[in-house]
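Structures given as C-alpha cells follow.
Each of the next two complexes has subunit A plus one other chain: subunit B in the first, subunit C in the second.
On to the complex of A and B.
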C-alpha cells in the first residue's frame, strides 16, 4: 500500500505541486490564468523548451550537454546573417544543417572517442562562443527587412489563435515523445542510459546511440535558433549565454535523472513550463525580476529531493 | 596501458618518461612558455610573470577548493556566484561595520553557502551537479537582491591597497594562492582528511564500510570550497574596489577547465594540488600569451576549447585509470 502511494507520488507528485503553485498565484494575481498570459508564457518557454527536448535525449543516455547555449548563439547568428545573404529558406536549411553538424561533432567526441561529456561540451561552449565572435566579427547582426520577410512567422506569427513557436514546440514534444516511447532508437536511449554494459551485451551499439542523441540535441537547438532569430529579428553575440543552465534546470526539474535511463519528454515539458510559469507568476505578484532565481533554486532542490525520496522510499540518503 | 607499463619499467629512462607522462600538464606548460617566449619579447619578463601569477591566482584559489570537491567525485558549480556574493557583502557592509568585520562576514557567507551545498548533497543524496546548479542560479539571485542591480563602490579606497604587497614581482594574491595550494596539498597527502578524500572519491561504498563518516567528510570539503570562493571574491573586491553583481559569471567553468586540464578526474579518487597548480598556470599563460600576441578574443576561447579536448584525449591515451 505504501508502494502505491509512493508510486502515485513518484508519477504525479511534481504535477500536483505545480498545480498547487498555479492555484496559489491565480488567487493572488487575476491576470495569471488568462488565455493571453498563458500563451505568453508558452511563447517564452518555446525556445528553452525546444532545446530541452533534445537535451532530454542526451541526459537520458546518462550524458550532459552544456554546449547548447553557445550553440544557440552561433546558430541564431547564422540564421540571421544568412537571412540577409541567402534568403530565409536557405538560411533555415543552413542553420538546421549546422545544428546537426555541431551535434554530430559532440556525439563523435563523446560517443566514439569516449570522452567525458561534461568536459567535452564545456570545451564546446568555449569554442563555439569563440566561433560566434569569429563569424560575426564582434558586431550584432540584424535582419534587414524585418517587416516584410515571411521568416517572422516562426517567432511572431499566429496560427488558429496559437502562437507559431508554441505550435512548433508542442509538435516537437509530440514527435520527440513518440520517438522515445515507440521507436527502437528511443528504447535504445533508455537502454544505454539505464545500464550501458547490459545494453552493449544486448547488441545495442551504445556509441551510435549516444552519437544520435547529440545529433537530436543539435537539431532541436537549430529549431530553437530559428524561433529566436525570428522573434528578435537580430542576434547579439551573447544571446544564448546561460541558456544551457536554464535548459538543464528544466530537464532536472521535470525529474529526468542525470544518471540516465529514467525520465521522459512530458516531464521535461512540465519542468520547463514550470520555470516559465514561476518566472511569470512572480513578476505578476510584483516581485523583482531576480527573485525568480531564488525561487528556482528552492524549487529545483525540493522537487528533485522529493522525486528522489519517493523512489528511495525515504527522505534522507 | 602499453606505453607506460611494458617490461622496461625498471630502467631510469622509462621512470623519467612515466613521471613526465603522469605530469603531462607541466610538460605542456613548459612548451607553452617556450613558444610564447620565442614569439613575444614581452612574455618572459619579470613583470609579466608577476602579472600571470596574479591573474591566474583568482581562478587558482577557486580551483583549489574545486580540486578537493572533485577528488571526492563531486562538483561545485556555484563558486562563481558565491564569489560575487562575498565580494558584494565585503564592500556593501563596510558602511555599517567597518572594513574587517565586513570582510569576515563575506568569508562567512561563502563558508555558510558551501556548508549548505554540502549538507544538501549529503542529506538528500542528490547529485552535487544538481544541487550546485540550483545554487548557481539562486545565489546569483541573492547577489542581485542584496545589491539591487548596482555595482557597489568601496567607501574608502585605502581598501584597494590592502593586497598591494609585493615580494619581488609576486603579489600578495599570488602568494596567497600558492600558500593555500601548498597547504591543501599537505592536507591531501599527509592528513587523515586527505586520505579519506581519495578513499571517498575512489569508492564511496568501501569508504563507508571502512568507517569513514562520508557525509561529514563531504560537508567539510564543500565548506572548504565555498570558503575559498569567498576568499577569491574578497581579493577581487580589493583589486577592483567595486563589487559588480555579475562578477565571477562563468568562472566556475574556467575553474573546472583549469582543474581538469591539470589532470584531476571528474570521476573522483585521483588528482592533486600539483596538477591543479599546473592547470591553473597553463590556463593563465595561455590567456596572457595570446593577448600579448594581439590575437583577437575569439582565438582565446577557441584555443581553450581545443586545449581542453586535447588534454582529455591525452589523458585517455596516456593514463588509463588504475595505471598510475
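On to the complex of A and C.
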C-alpha cells in the first residue's frame, strides 16, 4: 500500500500538486470552478495550445522553435490587414501559406543548412518582430467591419455550447496526436529525436524530417493567428510577445523531453491547460499579472526537477 | 601470505530495482598480481568495479583495504586512497592539458586556491616519464590518440601512487601494437607491487596477462582459479554454465551469382582504391585493426558517407553511389559498429526499432500497420530468442547481446540480399556471440551475401570463406580457403605497416 502511494506520487506528483492547487483556488475564489470561467480559460489556452501542438513536433526532433511568438504577431497582423483588403477567405489562405513559408524557412536553416536551432529561431524571433513593424508601419491594424464579418466565428463563436477556438484546438490536437502516433511521419520524428545517427543509418532522411516539423509549427502558428485576429478583431505590433515562452513552458510542463524522442501531444495539451488554469487561478486570487510569470517558471523548474529526480533516484546531480 | 592481500571484498550485495546485481560477492587482490574478472554481460563485473571506486554504495558487505575496513566516497576519494579505476570510456577532459588531466579534480593549489602550475607540471612529467610516455605534460589531451589518452589515465596510477588499478575493457579500441605497449605498462605496474584488476571479454588477453581469474555469473562468484592451472574451456564453462561444443560454424561453400562488386572506391584521408566482390551464399571477412578504414568503406557503400571516386555494381550492373534509403530498398543491410549510437533508438521498444528502416513496408498510405509490426516483433523475438518483457520495453534496458539481436532483427525482417556486419559481436556475452556466429552461417546458406568486419582474428577466420586484410585505408592482401591463417593475416597487416613506416 505504502509503495503504491509512493509510486503514484512519483509518477503523478505534479498532477496531484496541480489538483491541490485547483482545490485551493476553488475554495478561495468562487468564480474559479464556474463553467463560464473554465470556458474562458480554455478559450485563452486555445491559442497557445494550438501553437504548442506544432512546437511539440519540433521539440520531439530534439530542436527548439522560439520564433513562434513574433510569427504569431506577424501572421495576426497579416490576417487582420488582409481581411480588410482581400476579404476573410483570402486572408485566411494567405495567413496559412505565410505560416507554412516561415516554418519552411526555419526548417531549411535548421534541417538542411544544419544551423543550431536555438540561434536560428531566436534570430527569427527578432527578425520577424522587425518585419512586423516594417509591414504595419508602426501602427496597429483593426478589422473594419468587425460586427458583420463571418471571420469572427473563429475567436468569438460558439458551437454546441463550446467556444469555436476550443473546438479548433481540440480537433488540431486529435489530428496532431494521430499523426505522431500512427503515421510514418510521426515515427520518423520520434526516430530522429531519439537517435538521429541511428535513424540516418536506418535510411531516414533527418533533414526532411526536421524540415517538416518546422513546417507543422509554422502551420499551427498560422491557425493560432487566425483565432487571435478573430478574437481581438485587430492586431497590435506586440500581440504575440512572450508567447514563445508560454508555449515552450506548456510543452515542458507536459513532460516532453527537450532532448527529443520522448513526449506526446496529450502531454502538451495537459501541460498547456495546467498553465492556463494556474495563471487564471492566480489572477482570481488577486495576484498581480506579473506574479503569473514568477509562479509559472517556478512550477516548471520544480516539475522538471521532480521528473529528473524520480528518473535518477536522487534529488541532486 | 595474508599480508600479500592489498584489497579484499567481503560478502558484498547490491540490489537494483528488480535485479540482484551482486549477491554475496567476495574476492581479494594481492600485491603484484593481475587478477582477471570475467563473466557474461550483466554478470555484475561493472557493478562490482563501481562499488570499489565508490560510484555505488553496496547494500551490505565491506571492502577491506590494506587490512582496514574502508568506505570509498567516490572516484576522487578512491584515487586519493590509491584505488584507480580506468574506465572503458575514458574520463578525461579533452580541452585540458595532460598534466591538468592527470590531477583532474585534485590539483595542487596554494592557500588562495591558485593553481601551482610548476608543481603540477613537474609531478606530471615525473609520472609520464616513469611510464615512458612519448609526450609531455603540456599537450592538449584532445589531440592525443585513444591509446595515448589511456596512458594519461594510467599516469594517474603513478601520480597518486596507486596500490590498486582496475582496468575495464582497456583494449577495446587499441591496435595490436598499442595493446603490447599497454601490457608492457601493466607488467611494469605489477613489478612494483601494484594489485591489478583486469576486466575483459577477450579470453586470449586474459590468458596472456593475468595470474588469477575470478568468474562472475548472475552476480555470484563462480570461483577463483590460477590462470596457469586452467584453460579456456573450463573458464567458459564457469561463465555460462555449459561448454560450447564449437565456437565457429562455417556455412557450406555453395556460391551463387555476384551480388556486390566494389571497384576502386576511394575517399581522401580514409581509404583508397578498395576493390572486392561478394557472391550469394558467401561470407567475406574484412580484417584489420581499428583505424584501418573498414567501417568507413562499408558505410560508404551503404551511403552514410560519400566517396570521392569508385564504382559500385549491384547484381552485375553499375549503380550510382546510393543514399542509405536506396541501399535499403535495393536489399542491402548494415549492422553498424556501434549499436547504441548507430544501431538503435534506445528509448524505443523492439517493435519500433525493428520497423524503423522499413516504414514503407510496415504502412499503408503512410499509416503504420501495428498488427504487422507486432507479428514481425514476435517472429524475431522467438527466432533469435531475444529476452525482453514486451514489444514496447525500451531497448536501453536490455543487455548488449539482446540489443544486438534487435539490430539484426531490424535488418533481417526485410529479407536483404546482402548483409554487412560491422563488429557484430563486440562487447557481448559468449552465449549471444556464438548464436550470432551460427546465424551468420545460416544466412549464407539461405543464399545471402554476407560481409563480416572484425578485429578478432579467430572470429573472422572462423566464419568467413574469404578474408581481405586492410591496413591504413587499403586492401593489402586477400586470403582464401587454402591460405587463411592467423599467421598470414598478421604478416599481411604488420608487413604493410612496416612498409608504410619506412616510406
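Convention: the second predicted complex is superposed on the first by the 303 of 317 C-alpha atoms of A that agree within 3 Å, B and C clash if a C-alpha of one lies under 4 Å from a C-alpha of the other, contacts with A are read in each partner's own complex, and residues count from 1 in each chain.
Criterion: a contact is a pair of C-beta atoms (placed from the backbone, for glycine too) under 8 Å apart; a residue touches a chain by one contact, two chains touch by 3 or more.
All values derive from a computational prediction rather than experimental measurement.
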Contacts of A:124 with subunit B and subunit C, given as first, second, both or neither: first
First, second, both or neither for A:85, with subunit B first and subunit C second: neither
Contacts of A:114 with subunit B and subunit C, given as first, second, both or neither: first
Which of subunit B and subunit C A:134 touches, first, second, both or neither: first
Which partner, subunit B or subunit C, touches more subunit A residues: B
Which superposed partner A:194 touches (first subunit B, second subunit C, both, neither): second
Partner chain in contact with A:35 - subunit B first, subunit C second, else both or neither: neither
Touching partner for A:160 - first (subunit B), second (subunit C), both, neither: neither
Set of subunit A residues, in rising order, touched by both subunit B and subunit C: none
Subunit A residues touching subunit C - in the complex, by the definition given at the top: 182-188, 190-191, 194-195, 197-205, 261-262
Complex contacts: residues of subunit B adjacent to subunit A: 75, 120, 122-127, 129-131, 133-142, 144-145, 149, 215, 250, 253, 256-257, 260, 266, 296-306, 308-309, 312-313, 316
Complex contact set, residues of subunit C against subunit A: 302, 304, 323-325, 327-329, 334, 336, 341-348, 352, 355-357, 359-360, 363, 366-368, 410
Residues of subunit A touching subunit B in the complex: 64, 109, 113-116, 118-120, 122-134, 138, 241, 245, 248-249, 252, 258-259, 288, 290-294, 296-298, 300-301, 304-305, 308-309, 312, 315-317
